[in-house]
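What follows is chain A paired twice: with chain B in the first complex and chain C in the second.
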Partner chain A sequence: MAFFKGACRKKNCWNQSVPQHQCPQMTIALAGNPNTGKSTVFNALTGLRQHTGNWPGKTVQRAEGSFYYKNKHFTLVDLPGTYSLFANSVDEQVARDYICFTRPDATVIVTDATCLERNLNLVLQVMEITPRVVVCVNLMDEAERKYIRVDVDLLSSELGVPVIATAARSGRSLDKLIDAIDRVASGRIKITPRLVTYDSEIEYLVQRIELKISPLIPAGLNPRWVALRLIDGDRGIIDSLQIYLDDDKKGSPQWGEEKILCTR
Partner chain B sequence: MNIETLTLAQLPVGRSGRIDTLLARGMTRRRLLDLGLVPGTEVKTIRSSPSGDPTAYKIRGTVIALREEVAREVLIRMEIYSAKGV
Partner chain C sequence: MYQVGSCNPLTKILDEINRDLPPEEKNAMRDRIVDGIYDSAEKIAGKVVSRENRKQINWDQKIDDIITSRLLGFPLMLILLGVVLWLTVTGANYPSQVLAAALFRLQDLLSGLFIQAGAPAWLHGLLVEGAYMSLAWVVSVMLPPMAIFFPLFTLLEDLGYLPRVAFNLDNFFRRAGAHGKQSLTMSMGFGCNAAGVISCRIIESPRERLIAILTNNFIPCNGRFPILITLSTVFMGGAVAASCRSAAATAVVVGLVLTGVIITLLVSKLLSKTLLRGAPSFFILELPPYRRPQAGRIIIRSVLDRTLFVLGRAVVVAVPAGVATWLLANTFIDSSSLLCYAAGSLDAFARHLGMDGFILIAFILGLPANEIVLPILLMGYISSGTMVEPDSLAALHNILVGQHGWTWFTALSVMLFSLLHYPCGTTLLTIFKETRSLKWTLIALLMPLSVALLVTFALTRAVRLLGLV
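Now for the complex of A and B:
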């Protein structure tokens, strides 16, 4: 808490002795189901006032903000809420493509403590793409009001990724969240996410496809995940993959997003 | 008390049941699973829109509206209390 009151609220004033261009740059994605408080977490961490509202579908385009922590410059990307990464709508596609293809240094999945089970689907899906995951169990204040208790340590050991319980509205435990983000993004903690194991038939196919596609896809893209999507036959992801691979050859991918600059 | 199998579209307002089978295939199935409609999940019919379609269901702590054509593809089991049994 002290950390928050003192420093981060005032935006980027963390350790201004180090100029921005000399800081290590980290990109952090903020994902989660609709209406779990992603934008509240985003605002609290960046000091921005992105519009928050208690209705789903509010953040349709992604927004960016930044903050400093331990001499590192973090860019936080607020993604639209999704139940899944197998996109059905434009905003789900925005979230999916960002996590899949832009490869942030860490992905924070904001979950609703009052109905955690509904949120864990997305957590498992993101963990399949990248091990660099921090689970933020938000709305703890509301959960307490409903006499719901969350065993964060057990959840963390079950998932194999750091889990932090927060109440972003009042700023509670956000310092712990930032610390976890920093540790995951910089690779200072070893994460071994527990992945879903499918039927032996599927696992056999995954192994065979993985072997074939590994040399074809760029480093950083998870071959197991790509193999699973190919088996799915999900056209949308295959199309996005195509665009991404083309862009990769040309240079940097193009993103038509709204960018909020908060660095002065 | 016995158990009857019916489609989610047939579940009356105010009643609840447990999801038994998803008949939907492809992306619709995927979507339903993502929304939390997994076999064994309890669902309750909250209300119907004025035209009768879509209908709102309570699923794992969230209210979700489904069109009738989709709700027909979800089989649920509902407990029936006979007059004698109570």
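Now for the complex of A and C:
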């Protein structure tokens, strides 16, 4: 026991009964528009257990922190604040690539309760990539001051993902947020995300392309989302996918075959 | 190696889509997808958000109307800058003296210990007069202004005032061919130019980012504020009645900051017309709502992240620099020390810039960190003359004016040179890391240096011609 305690103290989990290498590891991405209090949520959840660096090959700051909940070790990755995921800027590209290729166990999207409509654009875009989403409606205190009410339960059933209303500056409801993160990350909650339905012509195109590409892309990547990106002519997604597959040589067999064909 | 790009199956599919869709429809696809998302967001928000129709005054809007108005925006910015600097100048004065007195008393104690232990004179000189004294100077001169300036600055940041500054200045920067966000990176430069250079990442366009990086140096960083504040208190403040001394000193520092901003704009304009040609890009600047600042966060961030960080860095650089200066001042060739020799050979050149050889030496040795320019200068002066402990502003005045013939113009030249010269070693290293280019790092070193030489030279000529000194 004493041995475990010593081993643990080094890894910053001195208050845990289980040493870190025995705890289940969870990775959580934190996305959101700028000025939604995303950093406040990040700081409130991770405290001083943070370290910062750069995203590989990019001059965009990356912050990572960790916390424990129910004997699980959660790593929280703070994505750059963006309004969308269309990869218009380096920030958006970094955020998008992290969510779709690194595939965190859950993605928390921090939104501003005082201008929810604009923030929902990002939420809907993230939900197209991954169903494992927790929506955090932050700045509830400010919304109350402006007499704005947000029906969180209705929002949750509209989106089909857990929605938590918080006021991170005063720490209100952050415990509920952590609990929702845990439930989504460990798959203990059934998520039925309601995705955006586009006009019939786009939906028809998406269906056709989806069928073609689903055997070509690695498992876990949402074919509908890739199809949409191909339709909107985003060549960058192909490059990102290629880089991802080169990094991780265990790409799906179809890609391997195609590569062999190419060398001839 | 295989060529992946051309035969990637997804690329083939993308090419097929491009073939099937007529080009005008192709371009509309992104818009239609965005429309789809926006429509859904609007529908959902319409269902879940309800606004109570209570008569309420939109205070944010009202405050913004004043703060960003054409008429009052600028005077308010100047007043705020003045108030912050005035608080720093007045507030720093007393603790600075107390700290200096305490630290120099400790020096006497240390000297006593060394003598008692029978340590050789060179060891005492190296450790006490070299390392300890420069350390004591850096701490006593830098700590009090930082401890006041940084929390005030963080407070303005926390309130949400800085984006409004960017809004006010956007027009000027656009006319200079630069990015409106450069005013934000400029404000970061007040704290530390290295931090300012890193913050230039918020500018997307590489051209405008480079302009912002290259001109960040013209904003006096925290390492240079003490020299500006000290010299303006000793010289400019000395010229008026005691009651408004700090006000006069503040006015001088505000004037210098404004000079820095004007030169930033001029150089940005020059760069965007020559080396970095191009049109300024558009950007959306969101004015975040005003938020009640959190006292705890301000203190933690300004003390831990800024004050201690900058002070720690200064101390790390100051100690070896103090040792080096002491060695230079105490290595003798033919009865004249290396420092005196070097200062003597630079003296004629320095006179053209309104300064003397020792000052230039201090600026050159101060390249690793601007904080140590003043301590090195004083060490140079002291080691070449009689030993005086500069534990008060009066003593400083005595050293500079009484022993080395400074005038108000010498002080002004030193302050201008300090404002303009080159970024410190850390900032240069940061610029290299950010640009990954030796060429731009060299330009970041030489361009401000030429500006500083040009300005001080022209000013010296003008002042001599008019017979003011």
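Here, the second predicted complex is superposed on the first by the 222 of 264 C-alpha atoms of A that agree within 3 Å, B and C clash if a C-alpha of one lies under 4 Å from a C-alpha of the other, contacts with A are read in each partner's own complex, and residues count from 1 in each chain.
One rule holds in what follows: a contact is a pair of C-beta atoms (placed from the backbone, for glycine too) under 8 Å apart; a residue touches a chain by one contact, two chains touch by 3 or more.
Model, not experiment: these values are computed from the prediction.
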Partner chain(s) touched by A:Glu142 [first = chain B, second = chain C, both, neither]: second
Which of chain B and chain C A:Asn121 touches, first, second, both or neither: both
Partner with the higher number of touched chain A residues, chain C or chain B: C
Which of chain B and chain C A:Ile231 touches, first, second, both or neither: second
Overlap of chain C and chain B interfaces on chain A (superposed complexes): 86, 114, 117-118, 121
Contact set on chain C toward chain A in their complex: 2-5, 7-11, 13-14, 17-18, 26, 29-30, 32-34, 36-38, 40-42, 44-52, 54, 56, 201, 204, 286, 288-289, 291, 294, 434
For the chain A and chain C complex, residues of the former touching the latter: 34-35, 59-61, 86, 89-90, 114, 116-118, 120-121, 123-125, 142, 146-152, 154-155, 158-159, 169, 196-199, 202, 205, 209, 212-213, 216-217, 226, 228, 230-233, 235, 238, 241-242, 254-255, 258-259, 261-263
Of all residues in chain B, those that touch chain A in their complex: 27, 30-31, 33-36, 60-62
Residues of chain A touching chain B in the complex: 83-84, 86, 88, 114-115, 117-118, 121
